[in-house]
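Taking it in order: structure first as structure tokens, then the write-up.
As written, the chain order gives the labels A, B, C and D, with residue 1 at the start of each chain.
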Amino acid sequence: MLSFASDYTEGAHPKLLQHLMERNLVTLPGYGLDEDTEAARAKICAACGRDDLQICFLTGGTQTNRIAVSSMLRSYEGVVCADTGHIAVHESGAIEHSGHKVLALPGAEGKLAAETLAQYMETWLADETQEHMVRPGMVYISHPTEYGTLYTKAELTALHDACRKYGLPLYMDGARLGYGLMSPASDMTLRDICELTDLFYIGGTKVGALCGEALVFTRGNMPPHFMAIIKQQGALLAKTRVVSQQFDALFTDGLYWDISRHAIDMAMQLKAMFTAKGYPLFIDSPTNQQFFILTPQQLSRLKQDVVFSVWQPLPDGRTAVRFVTSWATTAQQLAALKRLL
Amino acid sequence: MLSFASDYTEGAHPKLLQHLMERNLVTLPGYGLDEDTEAARAKICAACGRDDLQICFLTGGTQTNRIAVSSMLRSYEGVVCADTGHIAVHESGAIEHSGHKVLALPGAEGKLAAETLAQYMETWLADETQEHMVRPGMVYISHPTEYGTLYTKAELTALHDACRKYGLPLYMDGARLGYGLMSPASDMTLRDICELTDLFYIGGTKVGALCGEALVFTRGNMPPHFMAIIKQQGALLAKTRVVSQQFDALFTDGLYWDISRHAIDMAMQLKAMFTAKGYPLFIDSPTNQQFFILTPQQLSRLKQDVVFSVWQPLPDGRTAVRFVTSWATTAQQLAALKRLL
Amino acid sequence: MLSFASDYTEGAHPKLLQHLMERNLVTLPGYGLDEDTEAARAKICAACGRDDLQICFLTGGTQTNRIAVSSMLRSYEGVVCADTGHIAVHESGAIEHSGHKVLALPGAEGKLAAETLAQYMETWLADETQEHMVRPGMVYISHPTEYGTLYTKAELTALHDACRKYGLPLYMDGARLGYGLMSPASDMTLRDICELTDLFYIGGTKVGALCGEALVFTRGNMPPHFMAIIKQQGALLAKTRVVSQQFDALFTDGLYWDISRHAIDMAMQLKAMFTAKGYPLFIDSPTNQQFFILTPQQLSRLKQDVVFSVWQPLPDGRTAVRFVTSWATTAQQLAALKRLL
Amino acid sequence: MLSFASDYTEGAHPKLLQHLMERNLVTLPGYGLDEDTEAARAKICAACGRDDLQICFLTGGTQTNRIAVSSMLRSYEGVVCADTGHIAVHESGAIEHSGHKVLALPGAEGKLAAETLAQYMETWLADETQEHMVRPGMVYISHPTEYGTLYTKAELTALHDACRKYGLPLYMDGARLGYGLMSPASDMTLRDICELTDLFYIGGTKVGALCGEALVFTRGNMPPHFMAIIKQQGALLAKTRVVSQQFDALFTDGLYWDISRHAIDMAMQLKAMFTAKGYPLFIDSPTNQQFFILTPQQLSRLKQDVVFSVWQPLPDGRTAVRFVTSWATTAQQLAALKRLL
């Protein structure tokens, strides 16, 4: 059975396992106070062209979003995002469980426009019943979005400027950040992300790691006693090394970019295969998630041999589906898929 | 520098890494719905001599305690434990952060006695202002305790009976469960633990894994939609395989017991070395944590060459210290330590 | 200055103050365990034609909503409501602060239609990623709604049936319940409300009391230890009598209905005055909140002599405004207003 | 049946009801933004000899404690108090439900000594595992305490100084503050309380009001958007006037002090009656709560005609009991009690 179900269906890129093995017997203190965690931080800083980033390592995306958001907000504040944002839809209410409302605004292909934010804030500022409402306290975006789309540098700059104008920290969920930056459609670097956001995370789980995300604070704005905050939410690993050593490997010799570039290459070939066969695009995604529209016949036929996600049923009876590539996708798999189209 | 600082200062037992590697390229669905997670569950069930256990895999002890406790309690209930219990002292208030009070009762060498619990419950039942107080809703114990001590089967049975009498689920924190069961002082098996508790966890992080704990519900009492509960608290791994595959290896060919037995052997030799040299015991622990009393001179001399924990200062100026062994402790390390005593 | 700002701008109906005074020196136990609270419960039961209702007295609407919702939901559940629902918009995120998501569906003039709910639930049930989403756990409606509108008995029955079908308790926010039931447009009685909801509250604050709401459980479904739940959220009054004695007076000799009928009469006269002068209705409300559309000139002129709420600016430059009547509204005030129109 | 059960068993001092009645028809905006609330604030400021206090009105003690504590703490902080503190024992876990640990230290007759606090803080500061523990974030005391005892000015100054040294805001629960300040044993004024605490509340419910407490911030340290915080916790009254008008009356012509002085006079006579008859004191309280020790015979005899609180059983079979006086206690009641002793 071929699988294009997601980018988390295999283990880790072999170089990560190899690095875990090489460092396995080194004795290190726990809880992220070790030299290997420091080394991983240094490599990420280098990749960002910055030496003043505050970085901590967590195990998964929902955990990272929950901790990032709840640690930045006061009790009466909520987080603004596009209505398709992962935190608004697919995290089992983790943000609300931490006490905060998700203020979902209309998005376009997964993106939140600076104008949408500005219009919302102007309405908010004009409302005399503010104290009876949830105060917007920060902005969440995902890049790439849940639809595989990307912000341009101009769009992100506009959003950054609007956030600054209204005093809202801007947080980027980078679960698939590598795929975003290595897309041919991208006009941004990791350094740009550092400049244009207040905090963001570099996704590991979906970009070749067994588990792990690197949460980055870009303005010296990590909340005090962040270690206690992480511990309190059950997210502090005794052996933080299991995550940080993987990030060390990911940011050694550009592996993170190689993995990302490979998945993008595979995704572009995959898209070309579908469009060549006449399958319409549901969304024209420039990253490793590809969305197509299938007829009921195509859907049932492909399902027999391939695992992929049913994204949503369409009014006309057809179905939007998602195919995802990763570091583990091979040319052989693409060739096999091609024969089935 | 020799280290006896803790049992989480090295990576994983090599067989775990090897198993991760062997299964690395297998394509598996995410979020614990995969065959490898099922296989790990089956092996744990077999080790428990039970086929009806509900098991989920989490990444760390505080996370497991927080989720276990908060998912079993109603909003107005608290969790009873010994005053030295890990949840009462060393988890940055994770239980309170989830909304529940830790009801700490006087313990003896880390243990909560059935009589202490019964006395507390009788006082509670006689109190006419119950609705103004926190209702005891479950009992937490650790085994081995934070002092390395063990419940006897008789003690645990008495506690189990008291819990049943008062309608309180009994939860065991087994962060170091293997070391407890492999201690020569133990008169219990894993099957006994299943019989005598309502839920417990089998510690992985401190018993040879990179990360991971197996939370076991013994009475078909896993709360409904537990997956959503885990996700909501940020604890659901996309690649649950990273934990479950390690548990598969731990429960293959008795590795979990071998690791534990080795650490216990090392700990007993270590204790013998200290006592032979006349160092007094702070507590006579039968497991892999050993506690001694050092004079200021001994403390400063040993610190130069060995890493260990300062447990607590004593009123007479001496210091209680802790030495811990693990799967990674070697005869060479013990010999080196011996020369320093 | 004339005021039609809201129905909470004066104190209490004089009969309530009189009853407080008459009972002032009676010695009563605290925390709602007193005979006066029991008497108020009995009178509400009688008004409902039921003898099996569970009733508790709280001080305000947001408090009641927060406690009702959070005590009925499991941690991973959210509350479904119309997008204009008070809990979704104007309670400073009280529901989210208690850990639960408000699942807002499109409403029509403040109402949630049974079909809207059914369609949402069918989509939910068909979704394979349920465990990653917030589970709908109950339904919230307000009656009258925030727009003054009313459910017909047929509409409420349909909603009740849909809730039953999908296993969702139906909760009615009755902050202005009296005005709803006394409206000429109403085809329901308090007994109907009891039959068609699982819990609801009878608003006091906006219907003649100084403070207080009566939360009613209609199916013997009050959560256990509800007194502790209320206490824990800071809502248990030592002198619950201050609320329950007011409800005793409200439900003596039909005062609650008299107050409501008076306000409705005043509101209908007020509406007639506006429409006679050619002011368009923003919404045709059959209750004590009346909504009109004013030109900028009308708005600025009226503002000089009358206090009322600016509801929302309209795209054409005009403004929707709200005028509210209450037990304290007099014929003189209406006459004075008429002269200003 | 005579009652000395508590100071909340009657309604309000008649002058409060009278003031409510006089202001009943005045039209006022809601949510504490009205002139009557402002007037009450001004009178409290005057009574404190300060013009820079920030004051808000809430309905009860647990609510006030919950909001005061949770709004002052960061998520990882706890509140230090004596082990007999109301928040530690008798608030159904309201503080923990808001996410924070109550750090209970050994008290003496209900009081927390500055030395106890200092010793705790020094131990805390010396602990290298701080980030794994709950960080002390503020100090809670009650005055009078739950045992009726009082801090001297010297004791409170020492506590204030210790709090300042360790950076901990000092919060005083003044549920019975009037009785404390009017006790012959008191050497403090309301102005002293303002100087020596960072926030405190002036109890109304137990000092003659139907409901209500005045929370006072003494250093311009009210958290921003406090109105939203109150609303979010369900504590914002639409008709805040019901509380603030009562406080206006309490702080007009020294009524608060008259009420308190009367209750203290009654309490001193009551104590004298008991001691004259040879009943031993359980605690020598200088305020309106009086504690005696009764034999089983005395207990069962008195219970037939008098309502009072059983405080705690004593090891020797006798029982500690509590008698409480209030504004409503009369000389006739004392005389009747005397005949029963």
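Observations
Heads up, the rule we're going with is that a contact is a pair of C-beta atoms (placed from the backbone, for glycine too) under 8 Å apart; a residue touches a chain by one contact, two chains touch by 3 or more.
In this text, all values refer to a predicted model and were calculated from it rather than measured experimentally.
Of the two chain pairs considered here, B-D and A-D, the higher C-beta contact count falls to B-D.
Placing every chain at the mean of its C-alpha atoms, the farthest one from chain D is found to be A.
Rounded to a whole number, the gap between the C-alpha centres of chain C and chain D is 34 angstrom. Chain C has its Cα centroid 42 Å from the Cα centroid of chain A. With centres defined as mean CA coordinates, chain D is found 42 Å away from chain B.
Chain A and chain D have CA centres that are 50 Å apart. The set of chain B residues touching two or more other chains comprises 75-76, 91-93, 97, 99, 131-132, 228, 231-232.
The touching residues of chain D, when paired with chain A in their complex, are 31, 70-71, 74-76, 99, 130-132, 135, 224-225, 227-229, 231-232. For chain B in complex with chain A, the residues that touch the partner chain are 3, 5-6, 8-12, 14, 17, 20-21, 23-30, 59-67, 91-94, 97, 205-206, 210-211, 228, 231-239, 241-242, 307, 328. The touching residues of chain C, counted against chain A in their complex, run 75-76, 78, 89-93, 96-102, 128-129, 131-134, 310.
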